[in-house]
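One chain, chain A, appears in both complexes that follow, with chain B as partner in the first and chain C in the second.
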Partner chain A sequence: MMSDRVAGLMGQLIAVAIALAIGAVIILAVNESPLRVLVTLIDGAFGNPERIAGTLLQMTPILICGIAACISLRGGLFNIGIEGQLFIGGFAATWVGFSFALPPLVHVLFGLAFAALAGMLWIAVPAFFRARFNTNEVVSTILANYVAILLTSYLTINVFKRPGGQPDTPAILESAYLPQIFSFSRLNWGLFIGVALAIGAYLFFTRTARGYAVTEMGANPKFAEYGGIDIKRQTFVLLLVSGAVGGLAGGIESLGVHHRFMEGFAPGFGFDGVIAALLANGSPIGTIVTALFFGALRNGSLLLEVDTTASREIITVIQALIILAVSAQILVRRRASDSTAGERRWKF
Partner chain B sequence: MSLAIELKSITKRFGSFVANEDVSLAVERGRIHAIIGENGAGKTTLMNVLFGLLQPDEGEIFIDGEKKVLPNPAAAIAAGIGMVHQHFKLVPSLTVAENVFLGMEIRKGGLIDHKAQIARTAELSQKFGLRVDPGERVGLLSVGIEQRIEILKVLARGARTIILDEPTAVLTPQESRELFQTLRGFVAQGMTVLFISHHLEEVMEVSDTVTVLRHGKEVATRPTAELTKADLVQMMVGRAVSFDRRPRGPVTGKPVLEVSDLWARDERGLQALKGVSFQVRAGEIVGIAGVAGNGQTELAEVLSGLRPASHGTIMLAGQAIQNRSARAIRHAGVAHVPGDRLVRGVDRGASVAQNILMGRQDQSPWSRFGVIDRTYLNEQTKRLISRFDIRTRSPETPVKSLSGGNIQKVVLAREFSGDAGFLLVDQPTRGVDIGATEAIHSEIMRQREAGKAILLISVQLDELIALADRILVMFAGRIMGDLPGEGVSEEAIGLLMAGVESAPAEVA
Partner chain C sequence: MEVLERLFNAALIVAMLRTTAPILLVALGGSFTTKAGIFNIGLEGQMLLGAFFAVIGTIVSGSPWIGVLCGVAAALVLAYIFALLVVTFRANEVVVGLALNILASGMTISLMKAIFGTRGSIFGHGLVGLPIIRLPFAKDLGWFGQIISGYTPLVYVAFLAVPVLIIFYKRSRLGLYIRVVGEKPEAAEALGISIARIRYTASLICGVLAGLAGAHLSLGYTTMFTENMSSGRGFMAVAILIFSNGDPLKLLAGCLLFGFSDALSLRMQTTLGVSSYIILAVPYLVALAALFALSYRSRPRLIQETLATMGRALSVKPNGASGS
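And then the complex of A and B:
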């Protein structure tokens, strides 16, 4: 057991190292020093309290989206529609935020619950088709992303646009603000919610009967079916929960950071979350680390353009390289595993 | 007579599993040569080697006397070999002619010449007596006609030797007869047919020569005319190490499981169980014998709730359990040792303890308020490890690092440690070494003494004779006979397995 885990961790580290090495070569190719880029990145991500808070601020949505991905991966499912759930959830929470006048805490809870519900509804159709007809959820959830992004954009511009130039909704009431942690940063309680979700997911999967059933469904669905686990029902519910967490990530982003909804509300956090979860091998605790890594990359890259000649797009390149390296690694491990019996259902 | 195909000492391994071991095969030109064996005997692997889909680890292939290396199916096709797979690979939205010429379209001025394709398809269809309408869309056609199209595809590519993998599995009896006629037409025109099957009847009916494979090895190659069905069964099933019959007292218990007129379909939608009825009493071991693939797997799946029954009843201690969920059936008191242990029986990546937990994770005292009691699980696992003599370092060891016999003991430990009144035990010693087999047999006898009703499905006759109080023989989805376990001969069982209903004396 342990040796498997160590081997898995080593594999991920090697994947990241290879990605960073190729990234270094690319940086050299644009006549910049990789070392200087690295130092600037670290300085930009952790150089002073404001920057650390900024990194944690970027990390929060990635972490929560990562947990949403971990939940589906654990059951052998792949919810890649977290980006869409995040947009829908963000819009839903914003709507609650500016449409109702409620006592402070109640307003926040109501907004977040509504965000989770919206995310859940957004995945309900793909989840139903996956459970009932075995329709590939990768395709259906990724398609739902486009609908979510364009629908929220339509609602923002055509229905709820506040007077004035910007394509964004009215601001939410202050009673719906998720409290900030420090005065100098927009970093908010969403971080605590994310870490609590990670620990909760870890305990659920390792300690509870239902978590065990989900784990076995992911590890060997035929074994789970034989053991009396209702695969269809569990598949449906698991995807709903994953979608709810995706929606919650959006709610936290709008109630905690932007206090309104606008076009391009949270670019790429959903996808970064999926990558963070994959890099963590589907482990919720590991996702805390990988989400921090991706948050640091995003935040550090802001300084990169100021202090070096490298463009911040180099960060996108490095992320893409990590995806490639991690996917290659998963493929190699699959090939190496000896037989056809009881393979994981992850398919990408 | 010249040889169309000659395989010399072919060995093919998948990891540690040997699918074909030193198999040699000589196929004469102008003959129908059947390759017969149980599921998993290595028939399809051998044909995939011949068709270039798999590369042999050792051995040589000669086609028309010439040594060939076949790196891919294209090379095999170029050498005049064609294969009709078990699962058809046709494009439903294209016409018959378009499917036949898919990938080798007849062109005129850069465009597909549909007229020529249709004419050529009609010509082939005429010549070989494979009736099809070349212009029709494949999506609308029956399975029997789809198979004809597959054969036409092979013919259009100039095959002189045709391999058919279980061709009759999806056909109606009428369609099968037509197919056999077509095959005889082929050999009359000097072509060669290789025919894979595990159905004795059709092998006897259509083939000139039979090769029997068992556990990846060639057992015999003989002219069909020299063989009886009983001979074939014996060669397919073979005799492993013989076990002595276990001593026992008489069966006195009440019926626990009563199955009546049970029908079910297999994956392909074909009737796999055709009106099966029997009962199992407390303290009784009822054996199910039969050549693999005669409905035993489906019977086990229906009894455990993993496959729906289309008709009939299953009563467990007076309670109807047919078509209930796997979970409900478990809770009603059915324990199940599955035949495909590595697929269904365990999660190989999980620890021994996690495998012991399956099916009871939401029951007290294994868990309380949905939280697993890890101390209790660990203690129970340790107890079962010593009680069932599972050779493992600890409860935390992943199951995949155990030997086959010990993995099976983990399954038995889990299934036999509950309070189920009925034990469904499918192939308990397949792939298990002799020492572990003895231990597993003793354990099954202990369960009998404890008053459990046991249904033992096995393809190993000596195992059934050693353990069963009664032996039911399955053939083609039906129970052919009910024999006492005491004093029964392997020959008597073998005849029933071959689908011969009458007494041995009447068989020539």
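And then the complex of A and C:
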């Protein structure tokens, strides 16, 4: 068992190395030194305490979105709509934050709960149709992202716009702030919530019968059905929970970091979360590591844009290459172990 | 009444055909992979990369036609990587498709900054669009002439491709092979058809059309490149592909529905003053509604099929028992 795991981990690492090598060639192609890009990235991500806090700050939403993705991936489902759930959740928490006056802790909890509920509602329709009629959830959740981003922009600019000023909502009350960890950074308790969620998801999948049933469904839905699992119900509930965690990620961004909602609220965290979960092969604990990696890339890329001529989107290229390398790698391993690897579960 | 007249007229149909063309081209490309049994969520990225390199090719060469070729070539490279990973390495199609989309998005923005030193969009730099084709006989046809004349060439390519594809799937050997590979891979194997080769072919043809769709977006529909300018058209195409099952005629109907909702909502913005955010959301909502509505409708058929198979299974057993 252990050697299998080690082999798997080695596979992922080799894939990452290949991707980084291709990334280096691409960086050369845009006339920049790969070594300088690497040094700048590391310096930008871990150069001093503020930058480390910045990396953890970027990691937080990626981690929580990654957990949301893990939850659906474990059951063999693709919730690609985490980005949209994050926007909806972020707006919902902000709305609670500026509309109500509540005691400090209650206000935060109410805001986060509302964010999770909003994320859950946002995925409810795609989840229902996936569970009941097998409607492809990849496409429906992706399309819902576009609607979510436009809807929150509409609410922000046409309904709740702060008089005068920028295109953003009024600030939330201080009672709704998620407490910061250090005085010098916007890093907040969201990180702890994220890590707690990862551990919770890990325990759920490894220690409970229901968690096992979900993993079973992901591995082989037909077999799981024969085993007496109510696939439809489980699919629906699983996607709802995944959506709720995605909404929560948005709530934490708004109550912990921005303290208001604006256009371009949290660009790409939802997608980064999906990628982090894929790289971790659906393992919640592994997602902590991959989210840290992607958080560092993101934070390092801010300095990259200042210090070199490369644009920070070069890191999304590297992320994509990593996933491509890993996706091929996973299969080399799987093909050796079982014959159902070629089975296409997403055929329509 | 006056509002309705301002909303519905020949110009609306022209606008509808214009907005339909890019999504129709990419959806027709996806029809090949769909028919071959591949779920291709990477259309969006192929289209985006095609749009970008069409602009680069045009600026470098001065000819939009060379630009179209460059766009197609770029999309082909992405389609080849997709096929390599999905067919040869048997990687998960959803994962590969999404990663290629992210790759295309990041790469176009990085290259834009590296080459032009700007973010946002590329225009000027000697960028010329594809010429507008005015059909010589259109003048004599009145309002119908207005509707069929005055588009950029790829619009005609998109609509003419529909009957070509219908014949291709019905009459040509390759079309038949593609369908067999998608519907009954075991049968294809038994017939000695190479599943891998057919899936590669389908993916690459898909790349050509997705590249054309991209080139049309940046050289015909507009004459510029903007960050993420495909704006979900590739995903909408996938939604249409799901409920049309890749049939060219149904695809056309689905794409016209989008073109119509797009064109109509744009007009409603100007005539009724609805917020642009709501207007922009309309095509995505239409795609979702169609996806859900049609999956609901296909349910009875599914149940019927299940009942039929169960009935057959039940009726076979007693026979077999009596035989022995």
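Some notes on this structure:
In this text, the second predicted complex is superposed on the first by the 326 of 348 C-alpha atoms of A that agree within 3 Å, B and C clash if a C-alpha of one lies under 4 Å from a C-alpha of the other, contacts with A are read in each partner's own complex, and residues count from 1 in each chain.
Here is the rule we go by: a contact is a pair of C-beta atoms (placed from the backbone, for glycine too) under 8 Å apart; a residue touches a chain by one contact, two chains touch by 3 or more.
As the structure is a computational prediction, the values presented were derived from the model and not from experiment.
In the superposition on chain A, A:Gly228 makes contact with chain B only, while chain C stays out of contact range.
After overlaying the two complexes on the shared chain, residue contacts for A:Ile314 are found with chain C alone; chain B is out of touch. Once the two complexes are laid over each other on the shared chain, residue contacts for A:Thr135 go to chain C alone; chain B is not touched. By the document's definition of touching, neither partner reaches A:Phe182: not chain B, not chain C. When the two complexes are overlaid on their common chain A, residue A:Asn220 makes contact with chain B while staying clear of chain C. Counting residues of chain A touched by each partner, chain B versus chain C, the larger count belongs to C.
With both structures placed on the common chain, the touch criterion links A:Thr208 to chain B but leaves chain C unconnected. By the document's definition of touching, neither partner reaches A:Phe192: not chain B, not chain C. In the superposition on chain A, contact of A:Ser327 is made with chain C only, not with chain B. In the three-chain superposition model, chain A touches both chain B and chain C at residues 341-342. Taken in their complex, chain A has these residues touching chain B: 1, 4, 207-210, 212-213, 216, 219-220, 222-230, 338-339, 341-342.
Chain A makes touch with chain C in their complex at residues 26, 30-32, 78, 80, 125, 129, 133-136, 138-140, 142-144, 146-147, 150-151, 153-154, 157-158, 271, 274-275, 278, 309-311, 313-317, 319-321, 323-324, 327-328, 330-332, 335, 341-342, 344, 346-348. On the chain C side of its complex with chain A, the touching residues are 37, 39, 41, 81, 85, 89-96, 98-100, 102-103, 105-107, 109-111, 113-114, 119, 231-232, 235-236, 238-239, 242, 245, 275, 277-278, 280-281, 284-285, 287-288, 291-292, 295-296, 298-299. Touching chain A in their complex are the following residues of chain B: 14-17, 304-306, 325-331, 336, 338, 340, 342-351, 354, 357-359, 361-362, 366-367, 370-372, 374, 396-398.
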